[in-house]
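Pasting the structures in now, so scroll down.
Note that chain A is present in both complexes that follow, paired respectively with chain B and with chain C.
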Partner chain A sequence: MSSPALAVGLLAVLLLTLPFWLRNQYHLHIAIQVGIFAILAMSLNLLLGYTGQLSLGHAAFFGIGGYTSALLSKHLDVPVMLGFLAAVGLAALAGYLVGKISLRLRGAYFVLVSISFAGVIALVSVNWIELTNGPLGMPNVAAPGIVLPGVGEFVFRSKESYYYLVLGAAAVSYAVCHRLVHSRFGRACLALRENEVLAQAVGVNGTAYLVVAAVTSAAMAGAAGSLYVHYTRLVSPEVFLFSYTVSMVIMVVAGGKGTLLGPIVGAIIFTILPEVLRAVASYQWQMLAYGVLLILTIFFLPRGIVPAVTSWWGRRRRRAVTPGLVPVAESERTL
Partner chain B sequence: MTVRFGGVAALSDVTFEAQTDHITSLIGPNGAGKTTLFNVVSGFLRPHGGDVRYEGTSILGLRPHQVAARGLVRTFQKTSVFPAVTVFENVMIALHTQGTAGVWDILRGGAKVRDEEARLTARAHELVEIVGLAYREGDVAGSLPYGEQRILEVAIALAARPRLLLLDEPAAGLNTGEREELIALIARLRSEGISVLLVEHDMRLVMGISDRVVCLDHGRVIAEGAPAVVRVHPEVVRAYLGISDGDEPSSSDQRTANGQALAAGGDTLTAER
Partner chain C sequence: MASTMLRLEGVRAGYGPVEALKGIDLEVREGELVTLIGANGAGKTSTLKAISGVLRASAGRITFDGADIHRLKPAQILKLGIAHCPEGRRVFPYMTVRENLEMGAFTRSDSTAVRADLDRVFGMFPILRERLAQVAGTLSGGEQQMLAIGRALMSRPRLVLFDEPSLGLAPTIVERVFRIVAEIRAQGTTVLMVEQNAHLALRIADRGYVLETGTIALDGAAGALARDEHVRRAYLGG
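Let's turn to the complex of A and B:
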């Protein structure tokens, strides 16, 4: 067995058995949050990392997903699993609208339109009181359940079961990103990020690909939103907070944008870090430490943690394979 | 075709033809409108009048990616590659129009998508081989020396499977060896049935490989025909020597130098850049 395959196998075992050795409910809660944020970060990375377009309103898609499935289950008694699909669909539609409006001009225009869109949606959630119960939000959102033939309905109420639900969703998100990135579609996105004019000259329809990327990204964020509200069992305008978007951007940039693992590593570190800091310091010191760590990461690892580790590992391996035989140009290249 | 920038006519009533299986060269002093013409033909710029016809149909108003999909592929005067990815990935990206997989196909996976990927991968290796960059395949494009980046540009253009290839000053800044490789490559393209429209200041290169030469000056065609004819055409010599017939400011040293080079049968005119 090769070492990467071994590492993947070990990681899979680790993730699948986690609830059996991480018995503390609080720790399990953090693990679930990591999973939800990993999906969000992967979703943002699809846009920011691979097409170079920054969505600063990504919390909007998260919130739309959350509200959609929460409202469907509360008002219309729609089963959560169907509501989940509706959440993904509606978030995707929102991504399509925002993309269609702004991705023709892209760059700064996309940033601005995405922020404004998030602002408008958040205002709707606060002010359309008959539908959303306004700023108070709605408690007692249903927990998702599935009907198992012969067994009856299984409800994901315990943290252990919800952990597996989130793990499954994160795995599917990762698989979607993996497929898309290593494909004709992913290469078209890269082309637009790297050199848009040349991309057009070789036949890439810029706007169309960016819109598809925005739709996929928004759909994933919507899925995360739905998972989030059915986990906390509460939906409120809090889901549209700008700080969610900021967290996603931090996770993607610090973890390594334009890499598949970067957003996941970012989600793990920047979800756990505030929790650890909370245990040892008061709020002000937490924020200060968080900020300093973030600045240090960006300053010393400008491309992010994952690319830095990958190139360090590559250098180490090459040195181990051909000691002293690396041509000058070869060794310079990795620097 | 006609193109105006503000009140300035960059191209006025320019009409010419690039024939199939020919290397047609577009020459002319700086500012003559060569790149503007390229931008019009490749769909990056809309002319204010006139038409661009390709294989019998008008391609006017098509967007750049649509023009490329029809087999008209261009390179750029300023070096233009996908800098942060490898040479191989550059060519893979450029094979875009050679694949058909849509997002649904990709998400579902399956044999069709895998076969297509395998086909594109093989083709990319082949193209990198053809232009002689095989030993650079895994290197990041932005780290290549200038000359190799220019060769990579040609590989990128070839990946898009052109039937008419528009090369914008491909030899600019190349050393002698790289220049020879480029000439061999262009000649090979013609033999494989790819027509070439070339903008170039290197007169020896232009006169050596072109089937036809079109000379532009101040947005007008002043001469066209076989290289030997255009080279001695009085209007062309005048444009390069800068001899005016009264109203036109002239005698810039650069122009004179170029004209002399042209009249002498072609020293390189790289100083124009």
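Let's turn to the complex of A and C:
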């Protein structure tokens, strides 16, 4: 068995058995949060990492997903699993609209439209009190359940079961990203980033691929939002907080944008780190340490943790085989 | 005489308020090798961009095989059989030679035919087969130009637009590139080529157009242009 396959196998066993050896409920809670943030970071990475477009309103898609399935289950008694699909769909639609409006212009315009969109949606959630109960939000959001034939309904109420639900969603998100990146889409994005004029000349319709990225990205963020509110059992305008977007950006950039594993590594580190710091230091020191660590990461690993580790590992192996120069380009490639 | 393949009538185009093309009329007939010469900023590159759809024409008509193409997207124009080989950064530097060639067939879905075309390109440029897995940015300038030409051929074009194929290349490579362009035409592909090296361009072309500040100043058979007093003084250095 080759070493990468072995590593993947070990990781899968580790993830699948996690609730059996991580018995502490608080630790499981963090594992669930890591999963949700991993989906969010992967979602943002599709745009920021692969197309270079920065969405600073990504919390909007997260929030739309959360509110959609919470409202459907609360007001219309829609089963949570169906509500989840609606959440994904509505977030995707929002992604399509924002993308269609702004990706023709791209760059700064996309950043501005995404921020404004998030601002408007957040205002709606605060002010449309009849629907959303305003700033107080809505407690007692239903837990998701599935009907098993012959057994009855199984409800994901325990942390252990919810962990598996999130793990499944994260795995599907990863598979979607993997599939997309290794398809024509990935090729087109790479071409657009490397040489946009040439990409157009060989027939890559830049705007169309950016919209595909925006729709997929928004759908994934919507899925994460739905998983989040049915886990905390509460939905409030807090889901639109700018700090969620900032966390996502940090995870993607520090982990390694434009790599499949980068956002996941970023999500693991930057979800666990604040929790660890919380245990050892007061709030001010926490934030200070967090900031310093972030700056150091960006300063010493400007391309992110995953590309840095990959190229270090590649150099080590090559040195072991043949001493010689490392082509810069190979470590530079991220697709 | 062969039928007209490409025709531009009063084509205007620009970048914001700056008009680069102020009414271009030109035609390319099936099987011809036509060259566009002129000074920097005369509108040569813009003309090619307008044809391939990368730059939208604000007025005038562009027809290919008699059908309007000036409102089509670059991908649609490419599918009709017009390949554009832009100037300057000619390849995708971080993609391998193979990936670059495959990008040339991006709009095509017939993978067996694409493989056959890949072999045809290797027949023309054996060096590319040797460098297949190499990252394009590490090729020499001449090799990058071969790759760019090969990539343009991967879309099975009937008309290739070459933009300054000799720019920045060593003199021996320049000769080689011109021979390749002539060979592509000899194999039945129509060519419209923009060149600053007017001397060599007029030697292999059938006809030429001289662009000056966004309009066609002169046109005619390549031999006649090469002998023309004005062209000699302005572009041939003598």
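Simple rule for what comes next: the second predicted complex is superposed on the first by the 322 of 335 C-alpha atoms of A that agree within 3 Å, B and C clash if a C-alpha of one lies under 4 Å from a C-alpha of the other, contacts with A are read in each partner's own complex, and residues count from 1 in each chain.
Keep in mind that, in the parts below, contacts are C-beta pairs under 8 Å (C-beta built on N, C-alpha and C of every residue); 3 or more make two chains touch, one makes a residue touch a chain.
Keep in mind the model is a prediction, meaning the values are calculated, not measured.
Engineer: Scan A:V204 for contacts with chain B and chain C and give back first, second, both or neither.
Structural biologist: Touch status of A:V204: both partners.
Engineer: After lining up the shared chain so the two structures overlap, which partner does A:P307 touch, if you call chain B first and chain C second: first, second, both or neither?
Structural biologist: neither
Engineer: Looking at the overlay, what does A:A191 touch: chain B (first), chain C (second), both, or neither?
Structural biologist: A:A191 contacts both chain B and chain C.
Engineer: Based on the superposed arrangement, let me know which partner A:G57 touches: chain B (first), chain C (second), both, or neither?
Structural biologist: Neither partner.
Engineer: Contacts for A:S183 in the overlay, against chain B (first) and chain C (second): which applies, first, second, both or neither?
Structural biologist: A:S183: touches chain B, not chain C.
Engineer: Once chain A of both complexes is superposed, is A:T216 in touch with chain B (first), chain C (second), both, or neither?
Structural biologist: Once the two structures are laid over each other on A, A:T216 reaches chain B alone.
Engineer: Residue overlap on chain A between the chain B contact set and the chain C contact set?
Structural biologist: Touching chain B and chain C on chain A: residues 184, 187-188, 190-191, 194-195, 197-205, 333.
Engineer: Mind listing the chain A positions that touch chain B in their complex?
Structural biologist: 176, 179-180, 183-185, 187-188, 190-191, 194-195, 197-206, 212, 216, 333
Engineer: Residue numbers of chain A touching chain C in their complex, please.
Structural biologist: Those in contact with chain C are residues 184, 187-188, 190-191, 194-195, 197-205, 327, 329-330, 332-333.
Engineer: Can you name the residues of chain C that touch chain A in the complex?
Structural biologist: 52, 54, 73-75, 78-79, 84-86, 89-95, 99, 102-104, 106-107, 135, 137-138, 151, 155
Engineer: Residues of chain B touching chain A in their complex?
Structural biologist: Its residues touching chain A are 42, 44, 63-66, 68-69, 73-76, 80-85, 89, 92-94, 96-97, 99, 101-103, 106-107, 109, 113, 116-117, 120, 139-140, 143, 156-157, 159-160.
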